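Shared between the two complexes below is subunit A, which has subunit B as its partner in the first and subunit C in the second.
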Partner chain A sequence: MSQVLRAKWLPLLVATVVAGIVLGIETKSFGASFNVYVILQTAAFDAVVGLAQMVVLAVGDMSLAVGGIGGLVTIAIGNAVDVHHWPVAAAVVAGLVLGTLCGVVNGVIIARTQLSGFIVTLATGSAFTGIAYGVTSAIPYSSVPSSIVSLSQGRASFFPYLLLVAFGATALVGAALRWLPDGRTVLAVGGNRDAATLSGLSRTRALVVAHGSSGLLAGVAAVMYMGVLQSATPATGTDWLIISFAVPIIGGTALTGGEASSVGGLIAAVVLATINDALIVLNVNTNAVEMAEGLLILAAVLAGQVGRLASLQGRGRGAGRSRQGRRSASDTAARGSGLEPVAQ
Partner chain B sequence: MSAREPLGMPVTPGEPPARRRSGGGPVPPAVLPPPVLELRDVSKSFGGVAALDGADLVLAAGEIHALIGENGAGKSTLINVATGVFPPDAGAVLVDGEPVELTSPRFAAEHGVAVVHQERNLVGAFSVAENLFLGRAPTRHGLVSYRRVADEARPWLEQVGLGLDPLADARRLSPGQAQLLEIAKALAQRCKVLLLDEPTSSITEGESEHLFAILRDLRDQGTAILFVSHKLEEIYALCDRVTVLRDGRNVVTARPLGEVTRDEVVHAMVGRTVDAAAAHDHAAPVGATRLELDSVSTEYGHHGVSLAVHAGEIVALYGLVGAGRTELARCVVGLAKITAGRLLVDGEPVRIRNPYDALHRHGLGYVSEDRKAEGLILQHSISRNVGITIWDKVRHRLGWLSESRTRPAVESHVDRLRVKMQGIAQPVSGLSGGNQQKVSAAKWLAAEAEILVFDEPTVGIDVAAKEEMHQLLRELAHGGAAILLISSDLREVVRLADRILVMGDFRLLGELANTGDYPTVSRVVMEQITSSVHNVGPA
Partner chain C sequence: MKSTTRELPTTREPGGGPPGRDGPGVASVRRGIVGWLVSGQSSVVGLVLLTVVTWTIFGTVGSGFLTSFNLYSIGQLAARDAVLGMAQAILVVMARMNLAVGSVGAICVSLLGYMLVDAHIALPLAILVIVVAGVLASLLMGVVELKTGLSSFIVTLAFLSAYGGGALLLTRNANYEITSSVLGRLGSGTLVSAAVCPLVAVAVVCGVVVWLVYNKTAIGWKMLAVGANERAARASGVNTPRVLLAGYALSGLLCAVAALMEASYELNVNASLGTNWLLPSFIAVVLGGVALAGGDITVAGILLAALFYDSLQSGLTILNVPSYWLDLAEGLVLLAAVVADQMRRRRQSRVRHERRQRLTVAGGSASPA
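Right, the complex of A and B next:
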């Protein structure tokens, strides 16, 4: 219970619920069952995209290829069903396997080359997108199987079936990070790379597991997305980047690695979707919606910084000393040379 | 290969554990069991500088073996060789008399050699118990079983006297508790050799006492323990035998401590040789006070540090690694916060918020000890590196910088320091360490900083470059600069400094005028440091 009270996303959730209730009373459309369904459907999708990024953040890396993999999986499934007339289930499984493989490739390249995930996934991500466009000549497959559509659009009153998918994915990822030895390896490598490798853990394995799961989750998100859109378009994934970072960051996952909160991510997804919808209901300019999301991310990151500094100072002198020493030692030579500090 | 078994090793009959020293009495010449870990004639160089030069180490089951030596004597290198962090260039490592090739820390652990490094290696977000079994957490049906993790951790935690909730976050531990957890982690690997690198450097006296009790216990159960420390009191209270390293060689090898006096140990550490070139011009006229610290406390934990540096003077800040000298310098130039006390430049209290302030408002420069990470931008040219401090001065009226304007300003300083280079357009990365250090210093000369903090200016550079650096520091002081010299090289300190401040555990332990007499100065300084456990520090 106390853990819930300390969670970084709690104030945000409370604010959102209060705002939601006020909006529900003040406006007719916001509280309507269909509108709540739309919010939760968006949140379900956002949550899974966020998980795809979160598992990579957990290992202390990042992936810019979540969207690229999503696009490639979308096209693979569309192609298999539309052109080759595969059974839907087989096509979806093949798509998810493909997504996982793409992630594994990322992990292997990063581990082997010692390059940062940023560079590697920037490159592979746009390669995946390029393949998706190449295969389709930029023309979407419009005949998305009805089973996928009915899953993505199905609802019981205000409750979208997709939310069950998001719940399942959140629970599985959370459990894997908590109880699977591979999940613990991911967090240990993310939390203290030296300690983990000195203890005989394999960083390569951690990277492959994290990026592989990220690819799988991106594939799941792709299936959800094509059902909602009723179209398997190669443009899928091109706008996932911001949401993939926003969800885990607002949800309390550390950008530095070693800590992840899948439940926090799910709640962050609901918060983001609610704010997004509320601004539309209130007839706010759509450009302002994006700005609001940006400010929210900034606020979440700042809150995380404040929390970390506070916990640092609360610790013993020696521990704080060595930590801060190491952190400040990473200041650049430029700063040490008396160059004017720039905003960081 | 349990840690609990080595008593079964061929101990000479009729020698019960009672032969252990109690109190300060001499050790009877015992026939020790054969060595568990042995390093023979080990050499290791880094970039042409020999860190170890034919060093030996012999560890027997059931002893606590002290390893001491000055900074840079090769202690850490020896530990790293023994644990497979890197292979020796020459020499052999033997475990139980068998030569082994320890190619990784993991491999060393399998041979029963565990190490507790000075740097704590804990995953903060994980529980105490999980850190204990990092990478080997007990599972049930393939899932980590936290109940088993906690249950199996408990005896190890109890063994080191950590009465903690095994599921508490590791980041909440005090430094002392973290230290004990590291030891428990080593024990949980069932090690028979335990190497401890300065385990008491960041823990309290009470915690140290507790640690010693545990180490004695382990020894009596047959573990071979290597204890690296600078504190002679601790060593005499705890250890059985001692090995002293100096300049990568053994000066004392595995002698029972009962046979060696404190004086002998200190002498062995610092050497007896009088430095022929120790003659520093101590008649240098000292000018006005330029930099002054008045009862300064800092965010790093410095407390009540007061010092003054005058124009034309070199003041050395000597101490062991981890004493807090670099951290103090970082606070002076505004990289970290001063939490109490005053910082004065030319008698005026000032607040320096960052190195930009320090340089451009107060003419204060800091030449970092880590030239590669903090002193230089390696891929940039010499010209750009030196020019970095004077862009404001050499830029064109309309704001742009050009090589033709930077060049003259840079060249004179680079020439003065006799940097060996192909030209000032050469990237700094291609220069030798000594020349890199000169470039790092040159940028502060170009900026005309008059108060200079040199942090380990001669670490890792060759003898000739070192001599030139020393010459430069003297010239600067003669020219009226106020210099604070942070150095772990006592010979360098004796050679250059007018006054010597000794720092330990983030406090000033004392101050002495430099008489230039190396044996006397080194003795006084080492006394201050080694007795710092009981020293309350200056008022």
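Right, the complex of A and C next:
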């Protein structure tokens, strides 16, 4: 319980819930069950895109190719079903394998060249997008299989089935990082590359695993997106970059590697989707959403930074007062993100 | 030809070579053909060769590549890409990066459109305002980086969406039809011959200014020092915050110039300009031979890289490669450039290492005798 109280995303979540309740009372449309469904559907998709970035951040790297892989997988599935009449399941599996392979290619290049993931994935991401555009000549496949659509659009009252996919992916990533040897290797290499290498862990393997699973998750996100949009367009993924970073960062995953908070990512996705929807319900221009995302990233990272500083100071004052140190950390974090400190 | 490479000894040698301790870096390696090939000069010579080869191939295979019309449009695009590359390089030199080049450009072009079309402000004043706006927008990112201690990646990522969204929001996605004839002549007139766009001169002037900053001014040398080893620079009395802010300001200024250049030949602009600036800006930097780890710059390399890159794009278009495949070409060029650059740097540090070892051995055997 105390762990939950100290989580970096808690103040944001509380603020969002409060704002959501206020909006629900003030406006009729916001609280409608269909609107909640739309919010959660967007959140589910955002969460998976965020996971695709989170696994790479965990190894201390970053991927600008999440969107590019998403676009390529979308086109591959669309092409297999539309042109070659593959069974849907086979096409989806092939698409996910392709996504994983793209990620593995990134991982191998980064490990081999010792270059930063930033520049390598900037290049490969553009190449993947280029292939998607080249294959389709920028014309989308409009006949998305009905099974994918019914999964993506399906709901029980306000609960979209896609949220189950997001829950599943979040749980799997969290569990893999915690318990699987490869997951622990990823975190170890991300935490301290030299120490991990000296203890016999393979940085190459960690990079390939992280980027490979990132590609797989980008593929899953692509399938979700395709169903929501009911169209397999090569433009898929061009606007995923900010979301992919916003979700893990707001969720409390450090950019420096070595840690990942998959649950935090899920909650950040809900927060982002709610803000997005609230701005639309309040008739604010959709471009404000983009702006808000940028400022939110900054606020979240700042809050994390301030929180870490405060907790370091708290630790410095001696073990006996560490609890107070922790509390002041989350208080400062709350203030840093522009929110009132939450009663604990 | 501005082909001087300035490089400070950096402790972050890619490829695991020992940290350079021998003063002016590669100068000592520049003897002998191997030393010359692996030095910074080779990126310039290599780019000249690459461009000549590209022109020869496309000139013989594709029809119309070497016409003055086509060379004109290559120059037009390459000029903007070169300025973008320099805007990026200035932060890369300080071991930072600027993801928001396009969004700063979007702010500048929105302001330009608003002032010229809606507010009927005179062109010189409008240009002055957008240059100031570009500098201020970029400075703000520098201030945030300094005040928060966050990495430039995350700060400029946040401002990428904040500025981009803000520009679209404030202009309400408006399209501005710029009618200024002066601007039109800058972007679509001719200079000296029918094959040269006046924008090429703008890019060359920017290049000369940037070259002067790094080669003739103290602040430029300090930027290189901060990029090579920030802690060492601070320890030797460099006012790092001021140097960083100067770099951000210069980068913003060049973003404003690039926005002005694109507006001058597009003439119909809106706030979504700049959304695809990121990749060309890094291609010019990496292909031009600027180390991503910071600490060195090759202005001539950036200019030539932009020329080569846009020649390649134009050549592919002339060979009737559908424009949809050009993204792939862009990605592959960048990938090839980073990998080749990495290999070159590794070989460079190996040569330097071997040379030093040879010197040590020679010195060691000489002293007992």
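The rule we apply is simple: the second predicted complex is superposed on the first by the 310 of 344 C-alpha atoms of A that agree within 3 Å, B and C clash if a C-alpha of one lies under 4 Å from a C-alpha of the other, contacts with A are read in each partner's own complex, and residues count from 1 in each chain.
Here is the rule we use: a residue touches a chain if its C-beta (ideal position, glycine included) is under 8 Å from a C-beta of that chain, and two chains touch if they have at least 3 such contacts.
Note that the structure is predicted; figures quoted are calculated from it, not measured.
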Q: Name the contact category of A:Ala138: first (subunit B only), second (subunit C only), both, or neither.
A: second
Q: Would you sort A:Leu13 into first (subunit B), second (subunit C), both or neither based on which partner it touches?
A: neither
Q.
Which partner chains sit in contact with A:Gly125 here, subunit B, subunit C, both or neither? Use first/second/both/neither.
A. second
Q: Considering only the touch criterion stated at the top, classify A:Leu255 as touching first (subunit B), second (subunit C), both, or neither.
A: second
Q.
Under the stated touch criterion, which partner chain does A:Val263 make contact with: subunit B (first), subunit C (second), both, or neither?
A. neither
Q) Touching A:Glu290, do we find subunit B (first), subunit C (second), both, or neither? A) second
Q: Give one of first, second, both or neither to describe whether A:Ala303 is in contact with subunit B, with subunit C, with both, or with none.
A: neither
**Q.** Common interface positions of subunit A, toward subunit B and toward subunit C
**A.** none
Q | subunit A-facing residues of subunit C, complex | A | 14-15, 97, 144, 148-151, 153-155, 157-166, 168-169, 172-173, 278-279, 282, 286, 292, 322, 324-332, 334-335, 338-339, 342
(Q) Using the touch definition from the top, list the residues of subunit B that touch subunit A in their complex. (A) 105-106, 109, 119-126, 130-131, 134-137, 139, 142-144, 171-176, 178, 202-203, 299-301, 327, 330, 333, 335-336, 354-356, 358-360, 365-366, 368, 370, 373-377, 388-389, 443, 447
Q: Over in the complex, which subunit A residues touch subunit B? Could you list them?
A: 178-181, 184-185, 187-188, 191-192, 194-196, 198-201, 258-259, 311, 315-322, 324-325, 328-341
Q) In their complex, what parts of subunit A are in touch with subunit C? A) 62, 109, 113-116, 118-120, 122-131, 133-134, 136-138, 242, 245, 249, 255, 285, 287-295, 297-298, 301-302, 305
